[in-house]
Amino acid sequence: MKFIKDFKILKNTAVSGDTFILELQLKEKLPQMFPGQFAEVLISKSKKTFLRRPFSIHDVNTSKNTISLFVKKVGEGTTALSKYKTGEKVNLIFPLGKGFNLTKNKKVLLIGGGCGIAPLLYLAKCLNENKNDIHILLGGRSKEDILETEKFKKSGKVYISTENGSLCEKGLVTQNPVLKNKFDKIYSCGPMPMLKEVAKIAKQKNTECEVSLENTMACGIGVCLCCVVETTKGNQCVCTEGTVFNIKDLIWQI
Amino acid sequence: MKFIKDFKILKNTAVSGDTFILELQLKEKLPQMFPGQFAEVLISKSKKTFLRRPFSIHDVNTSKNTISLFVKKVGEGTTALSKYKTGEKVNLIFPLGKGFNLTKNKKVLLIGGGCGIAPLLYLAKCLNENKNDIHILLGGRSKEDILETEKFKKSGKVYISTENGSLCEKGLVTQNPVLKNKFDKIYSCGPMPMLKEVAKIAKQKNTECEVSLENTMACGIGVCLCCVVETTKGNQCVCTEGTVFNIKDLIWQI
Amino acid sequence: MADLKVKIKNLLFKNPVLTASGTFGYGEEFEDFIALNKLGGFITKGTTLKSREGNAYPRMHETASGMLNAVGLQNKGIDYFIKTTYPKIKKLDTNIIVNVSGSTIEDYVAVAEKLNTLEKIPAIELNISCPNVKQGGMAFGTSCKSAAEVTRAIRKAYKKVLIVKLSPNVTDITEIARAAEAEGADAVSLINTLLGMAINAETRKPVLSTVTGGLSGPCIKPVALRMVWQTYKAVKIPIIGLGGIMNATDAIEFFLAGATAIQIGTANFIDPQTAVKVVKGINDYLKKHKINSVKEITGKI
Amino acid sequence: MADLKVKIKNLLFKNPVLTASGTFGYGEEFEDFIALNKLGGFITKGTTLKSREGNAYPRMHETASGMLNAVGLQNKGIDYFIKTTYPKIKKLDTNIIVNVSGSTIEDYVAVAEKLNTLEKIPAIELNISCPNVKQGGMAFGTSCKSAAEVTRAIRKAYKKVLIVKLSPNVTDITEIARAAEAEGADAVSLINTLLGMAINAETRKPVLSTVTGGLSGPCIKPVALRMVWQTYKAVKIPIIGLGGIMNATDAIEFFLAGATAIQIGTANFIDPQTAVKVVKGINDYLKKHKINSVKEITGKI
């Protein structure tokens, strides 16, 4: 079941120069949400933002009845969103997409690049509840891009790569030594080139691997057919058949 | 000389349910401005407002280096403007139009209907400095529409008409007994039907009369030719040849 | 409650608010948001004889007050619709209209013939205006001759209500509308998307995989209104107006310009409840203005 | 500083940023806001043989990300321009191009001939695309035959650079562009406004005195870009691109689509400094992307 609701902003917290977390409260009880699901947000104060904007559900707090979004300012819409203040309302369509398939009692690796960490925090929490052995690899261009580490540490062991070496391992996230280990499953979200590299490594090692895609979307509910990705079953809508795909179902020009 | 500048909002004060006054401060020294001139305001936080919006200069405070706008919420743009807060910036093109021609040592009547009072406050002040004998007639549908009376009283004697009789004289502003008196000049701003009635009365009495028009505008600087009014010299731009016209130059279908 | 009922030929609509092809899936996708039976009807995604994968990604780009799409008629084909989708939606108490697309007249006819037999499909919308498929689609809709040809063929093959959907990418839309009318169309719907394009200045590449795409949303409303008004003066058959309708006021404007019914397209993406809000808003408007029936305002500017 | 110079025939522009007819008066109106000599050039308000009062008020309506206008070529006529305006602006160090409008070929020719003699007017823009005047204007621009005819007549009468401004209200703009090219146009500029309409739902009347008007602003940019790209592939003469350009990124997109120069129109109303900001922004873009000359990106998608 999908909903369209106004949320109240409880808090808008700057995380870094260009990222922020919106904590959004719903009046009625939140429906169940799965990690990897997303919301389509109406940014009504942005002059140039016509369509809604999709953001992953970063965290869910059932006691406060809130969800949070982890957002990076990249354009008009996200910049306008960063200026919303406590008490203001935003309209969401949610929860959308299918989310990740959760393992139980497994050794898993979560790989997040840039703001691809957004859906991984709630994922890590849920995997933790499922008693998995959780390893989390975060990557970015420099140490300024490595965010939320403390929160991730609550659910698993954290590894870090920065391209310029300003924090921990120097190099691409996909070059991090932790990838030499054997995992039962890899979960990943981030820029396409990274996901493709992750998929390649997972394939080589024959490791189960799910990736969350961020194709541009107009509707988020499976009707515009704009967000498609080629799969073994033909073009599928990322917003309804995904956003999470098992890499074995994707036909990627790697 | 016209300018394009950011102003800082010093104060946004609700005057009534649907009117408010924006007090706007300029960093550099304000240029000289004449009563009846206006500004074109960019309402950047309104999703649906594409063009600038014209507003009369309601008041000028040279010691605070501020101007104020008296605005009525009628649509998207003005509603968005009403939500601007202290400290926020708005961009203005100003001062535009020619303004009223000021008399000296004369007996004058100012007639304002609805938010047509906007340009009259600064006019009254300037006429006062010019030692005129000032009479001010304000009209509206009901007493809720009669605003700023105390401010006007500082410059002259105030008369009031309300259509429903909830304050002072009952009836149209143009039926107010003060109009029976003889004035050297009438200044007026308000809805078109009112202005036409005022013009008729002035003509009958052979009284000099200037009216300020509010034709819809795209540019405010005389280039789009959208705001024209028929005059004895052909179509003229209200934004540059007006907004104030002597009624003897207008060809109105009265 | 004002009288919102309108008719196209013998087909009764409980109200004049439909949803536009390609923006409403096959209806089901909106069941979480609205009661479909509150709509006058809905129009399915463009459906072709064979299943189509559509164009390559990227297919979408946001523009000022609108969007470009280059979906390219991705759909599972008419047989899948008949076998799988139709049984699920046929119980709905609203008019389900199938948008029929194709690239040859034979294809169009084959789809239309299959639809003849579906009891709960009272009408088809013939899409001769899709700008996103090479052959067919828009090509049919940009000349009187080909518009007439395809309408004639479908009119022969299809017994129920035939709506022809026109392209705005023409010098004179009234010519095409008249050609469709002359060949037996029961109504025309307009407009489909304007042909547009987007470029990414940073990558120096077109944004859409197909370079050009179809422009929709409020940005095109002034053009759509103008075309409805021109067409209203040119034909006698009813007009279904669409193009950038976001709310009831927009809808009223289309009625005044000459539309008998309207469709909500891109607005469904921004607020999936738009269509039912528009139904309510039209009713409120009529009551406020003391107008008994929505039919009374068609063309009344 | 990147090389911003572009040429149309033998006419050199210091940069490819012009301002569009009808949105920039005769230049003087912008002197408080920008230094006019920073522009590649500006194009005057449409000027006709005799003075014109234009259409009745109201002439303007805001739309989603755009506006409709129905000015109807109000201007004081070519003789007034020559006697009064030209002496005031002729010292400006930028290309002043006169937009020539008319309703008969004879009128167009008469205006063009008078302009031959003005030393500081190096080019005219022939407006065969004004949607707001009954006879003439757009009618010339919507058929190849009449576009060819008027271009031929002006080409005979006018010795300097001839730019023909095309209407987007056509099925195939490349046909018209080719017709103008064949008759000796030195460049085409596109697009003029899209024909649109607005209705006031409360009064149930058209908003504009002329019912329909010309749509401009960012809402039309996707259509304009597409037409520039199509025309770039169809003709060899340079293209001046316009339609909804608000900033340097938009301008770059037009170059990539095939424009040699661009014009700023409606944006002048929102920010009278747009044109000079765009000049700076193009320079910044070229530097960032290590491109020496703006000429290099024309048509390079």
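Chains: A, B, C and D, in written order; residue numbering restarts at 1 for each.
Here is the rule we go by: contacts are C-beta pairs under 8 Å (C-beta built on N, C-alpha and C of every residue); 3 or more make two chains touch, one makes a residue touch a chain.
Just so it is clear, the model here is predicted, and its values are computed rather than measured.
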Chain labels contacting subunit A and also subunit B: none
Remotest chain, subunit C as reference, centres from CA atoms: B
Gap in Å, rounded to a whole number, between the CA centres of subunit D and subunit B: 36
Centroid spacing, where centroids are CA-atom means, of subunit A and subunit D in whole angstrom: 47
Per-residue multi-chain contacts in subunit B, two or more chains: 49
Residues of subunit C whose C-beta touches two or more other chains: 63-66, 217
Chain contact topology (line, ring, star, complete or other): ring
Interchain contacts, given as pairs of chains that touch: A-B, A-C, B-D, C-D
Residue ranges of subunit A in contact with subunit C within the complex: 1-4, 42, 48-52, 93, 215-230, 234-235
Subunit D - residues contacting subunit B, complex: 22-25, 29-30, 32-33, 45, 53-54, 57-67, 69, 71, 74, 217, 266, 268-273
Contact footprint of subunit A on subunit B as seen in their complex: 44-47, 49
Of all residues in subunit D, those that touch subunit C in their complex: 63-66, 68, 142-143, 169-171, 194-199, 201, 204-206, 211-212, 215, 217-223, 225-226, 229, 244, 249, 252-253, 256-257, 285, 297, 300-301
